[in-house]
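In the two complexes below, chain A is the common chain; its partner is chain B in one and chain C in the other.
The block that comes next holds the complex of A and B.
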């Protein structure tokens, strides 16, 4: 009992000292809380469906940021990982009868393999050349899908898959908990030594190499990690929709991911996640005016990118928080002095 | 005083409940969700057909459901399925769970319809597919009847029959050319746009053309958006083709027909040319698309039954254009769903399925009957054949799109000849005749 109260007090102290001190952390805490307890308030199947798909796409968008944002490996063909994950999970489920909890991770490993396969030839490329080369890969895979319809189902895709679970509520918790968990892992990766090297590769690869770091290995690691997370989202998508079709490999899918990430703010992980949680439900909300739905959506994105070129979430964060010029610790914008080193903030 | 205030409050609340509740009770309607790519011509067809059906039903006071007469209300669901499959499934779930539709009609892209079908089946809602032709949609009904029995094909008949009809057209025109021009062996050029859906048709055509006593002159694959096909046309002419079997669903159908007319390529065009099904084809080809033949669903002046002329004329009057096959949401609602609901006397999906799957009923394009597979299992797929649905072969003749098939069509050696009312004979382009007189 004493032990329990000790840990409880410790938790409260951490919560007060680490979470409540910054608005952005409070927002993230509330985000977790709302997502985890939403079904207590409503179990509307349509709302849960939107949030499930939003969670799946949030993993995908964050995985793009991990590769293209942090490591600077501009990938315009991210649908490849998504599609490989979706098709692999679907085929394993349909032909080998592996249940979703097995087929999704194996599908993600197939996406890792895809990451390595495209990573190796792309190692020598940078910027526009890399972007255009990666763009070609999902198109090539789509060609393969259509070339072997007996296996891939051709234009129909692979349908009749097992559901993620037996109820919409469980589907919701599987997707949301996985999204929160995987995105936290991605965020921790970017905050680790590996993440710092990713960041450094993006800034100046030659400098990193002169420091004795094998950048090739790290770039391949970035491709593999990004492929793994995107593959998980592809597998989740296939089992939730109960079909893995050519639409998972379409160019529009690759570009949608880029739009989400840029809208939310790249090199943040939380930016693309926030963007998906804003834009995907927003597009559904715009159904009230179907004729102008896509136009309104485009206007929102254009306005945000026009006035907030670094993305929406970093812009909001900079408005509510300030960075200490001396110790680089973030403080709430209303503070005059730093909460750690007491340096003047203005 | 207190007591009277209390009674007054109770009375006011009661009035409020009556005021709010009564209209809701009185306003009970049959909700039909119309789902399709509404920004595209296919979705517009879905919606236009459904609107006509709704207006017709409501004009006669609605449908008898037991002892109550209920009006029909349509719910427009934009599936956006050409651009996003996720959007399509969201639209389906929205229509079912938020708008509480009782029935659904529409759908076009097979991949999206498969996913939408699953959602409709989850909620046990009757979904009449009016666009996707793939057999898989109905094979699911046979394989897992308990789950998929709520799905029915409304239009078109499945893709195997679409291919069959194209080959019948090819055989018919081939026989006409052979007889009129005294050609010993008709040579056929296969011209198909570069698209995945066409690949199986090319393979089938290559195998089937020799069996029909004709010869394959070659295969050409222009881009679906090509604006210049003179190279292909010159090659076809050099190959000595007498007939061109076209498979175009995209804009290439216009330049191909126009340039073939300009160059007076001595080969008759038969097959599928979606652009040639549209009213604007004549202007788009500047009249050079004369004598182009394509498979079609409707044509002016054809009367397969008493319903067709009425529907086509009313549609043209209302929307200013010929109905496309997705406008068969009209038939699905007014001849499929409506009488079945009245016969069942209920909106219960199981009762309606049990009646609908055994019905045979007239629609503007023929008679709808539902197939069973070889093992006698329900498929809920449309029957094809002279008694049922056959579609039409239409040809541009001097600025008019007229129906030319079935004209004295004999489905088998013993069967009687079939010619629908309003069908005219096929015409060979004069430059083809001249070429063969030389």
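The block that comes next holds the complex of A and C.
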């Protein structure tokens, strides 16, 4: 009993000292809380559906950021991983009868393979060349999908898959918990040693190589990690919609992912997730004027790019938090002195 | 059969050349990857449709008006959306996609998603070795070649062309030599969008006009440009004919080829990149690729 209360008090102290001091951490905490306890308040199937899709696409957008944001390898064909994940888990489910909990991870492994295959030619390219080349791969695969309709169903796609789970509520918990878990993993990866090397490759690849690090290996690692997470989101999407169609490979799909990530702010992981949670429900909201939906989407993006080129969420974060000039620790913007080293904040 | 392949390949190739050279020019001179390039081509097609069908203007006049109008729209877009964020490479890519999407949606709102068509400028056809070639196709081919020659002349023989080429080689040094870099970028943008509008104008009688018509040319154009080497005009020219011919070969010879035409063109591009990462005629700048 004494042990328990000790740990409880320790937890409260950590919570007070680490979470409540920064508004951004409070927001993340509330985000977890709201998502996990939302079904207690409402179980509206339409709302749950939107949130499930939002979670799935949040994984996708964050996985783009892991590859393109952190290592600077501009991938404009992220739909490839999504599509490969969706199609392979759909085909496995339909023909080999593997249930979703097995077919989604195997689909993700197929996406990792795809990441390795496209990673090898892409290692020699940089910047715009890389962006334009990666854009090509999902289009090539889409041509193949259309050319062999016996296996892939052509334009109609592979349909009639197993449900993710029995009820809408379980679907919700599966995708939301997976989203929160996988995104935390991604954030941890970017915070680790590997993540620092990724970031360094973005800033100056030659310098990283000079430091004795095999950048090729790390870039391939980034491609396969990103492929894995995107593949999981593809598999989830296929099983939730119960169809894997060519729309998962479309060019506009790749573009949308990039738009989400840039809108939210790249090299952050939380940026793309927040952007999907803002933009996707917003688009659903605009369904009342279907003809203005995409136009509004485009205009919002143009305005964001003009006024906050680093993305929305880092911009907001810089408004409410300040970095201490001496110890580089973040503080609430209202503080006069740093909470750790008591240096003057300007 | 062979004649069919060659002719449709040459015509497609010329249109891709018009598009790819414009795209390559603005990339070379200003390092802007303008993904909205083919959206301007679509807008030009719609302008011509509107002028000839709804206002009864003569087609040739309609084409001229369309080219001027689209060039102006392009410059406005450049000033409003691209110029302020030119230094952020990723942001420019996104901004141009957003511009393209906005144009597509505006065209959808005005003209709906119906498939429209514009009548040919000249009727009738010619028979060469048993193949019917419409005069319109010949006209498109001839005019495209003429314009390409004109662009080449401007770039190689005038002071403006010299400025564009030297800015493409090295922006900073060109600036130090007294060329107004931002003005050169703006003029290049005008030429580039003008070329896209022109491509739209010459091709509109041969194609179906709809708001999504910019997607396929965009993909082909990017394949061409990467194949030929970004910023290299000769590369874009040769690359467009290679991919144009490859596309019609696939369409005519392989069953279900129409679905695979994009795939094959892009596979050629990737194969070339594996052997020569800087493209056919690209010059390898160490820090850029």
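One rule holds in what follows: the second predicted complex is superposed on the first by the 345 of 346 C-alpha atoms of A that agree within 3 Å, B and C clash if a C-alpha of one lies under 4 Å from a C-alpha of the other, contacts with A are read in each partner's own complex, and residues count from 1 in each chain.
Operating definition for what follows: contacts are C-beta pairs under 8 Å (C-beta built on N, C-alpha and C of every residue); 3 or more make two chains touch, one makes a residue touch a chain.
Remember, it's a predicted structure, so these values are computed and weren't measured experimentally.
Asker: Given the alignment on chain A, is it a clash or a fit between chain B and chain C?
Answerer: By the criteria stated at the top, chain C and chain B clash after superposition.
Asker: Taking the superposition on A as described, I'd like to know which of chain B and chain C A:214 touches: first, second, both or neither.
Answerer: In the superposed model, A:214 contacts neither chain B nor chain C.
Asker: After lining up the shared chain so the two structures overlap, which partner does A:170 touch, if you call chain B first and chain C second: first, second, both or neither?
Answerer: Neither partner.
Asker: After lining up the shared chain so the two structures overlap, which partner does A:309 touch, if you call chain B first and chain C second: first, second, both or neither?
Answerer: second
Asker: Please indicate which partner A:342 is in contact with in the superposed arrangement: first for chain B, second for chain C, both, or neither.
Answerer: Once the two structures are laid over each other on A, A:342 reaches no partner at all.
Asker: Check the contacts made with chain A and report whether chain B or chain C touches more of its residues.
Answerer: Greater contact footprint in residues on chain A: C.
Asker: Per the contact definition in the header, classify A:46: touching chain B only (first), chain C only (second), both, or neither.
Answerer: The answer is first: A:46 touches chain B but not chain C.
Asker: Touch test for A:262: chain B only (first), chain C only (second), both, or neither?
Answerer: Once the two structures are laid over each other on A, A:262 reaches chain C alone.
Asker: For A:146 in the superposed arrangement: first (chain B), second (chain C), both or neither?
Answerer: It touches chain B and chain C both.
Asker: Between 44-52, 224-232 or 404-412, which chain B stretch has C-alpha clashes with chain C?
Answerer: 224-232
Asker: Quick check on my understanding: which residues of chain A belong to both its chain B contact set and its chain C contact set?
Answerer: Dual-contact residues (chain A): 146, 291.
Asker: Along chain A, where are the residues that touch chain B in the complex?
Answerer: 44-46, 49-50, 53, 146, 154-157, 159-160, 241-243, 245-247, 252, 283-284, 287, 290-291, 293
Asker: Show me the residue ranges of chain B that touch chain A in the complex, using the header's touch definition.
Answerer: On the chain B side, the touching residues are 38-39, 76, 78, 83-87, 89-91, 93-94, 97-98, 110-112, 114-115, 118, 134, 136, 140, 196-197, 199.
Asker: Spell out the part of chain C that touches chain A in their complex, as residue ranges.
Answerer: Within the complex, chain C touches chain A at residues 27, 33, 81, 84-85, 88-91, 93-95, 97-99, 101-102, 104-106, 108-109, 215, 219, 222-223, 225-226, 230, 256, 259-264, 266-267, 269-270, 273-274, 277, 279, 288-289.
Asker: Could you list, by residue number, the parts of chain A that touch chain C in their complex?
Answerer: Of all residues in chain A, those touching chain C are 74, 76, 121, 124-129, 131-133, 135-137, 139-144, 146-147, 251, 255, 258-259, 262, 266, 291-292, 294-295, 297-299, 301-302, 305-306, 309.
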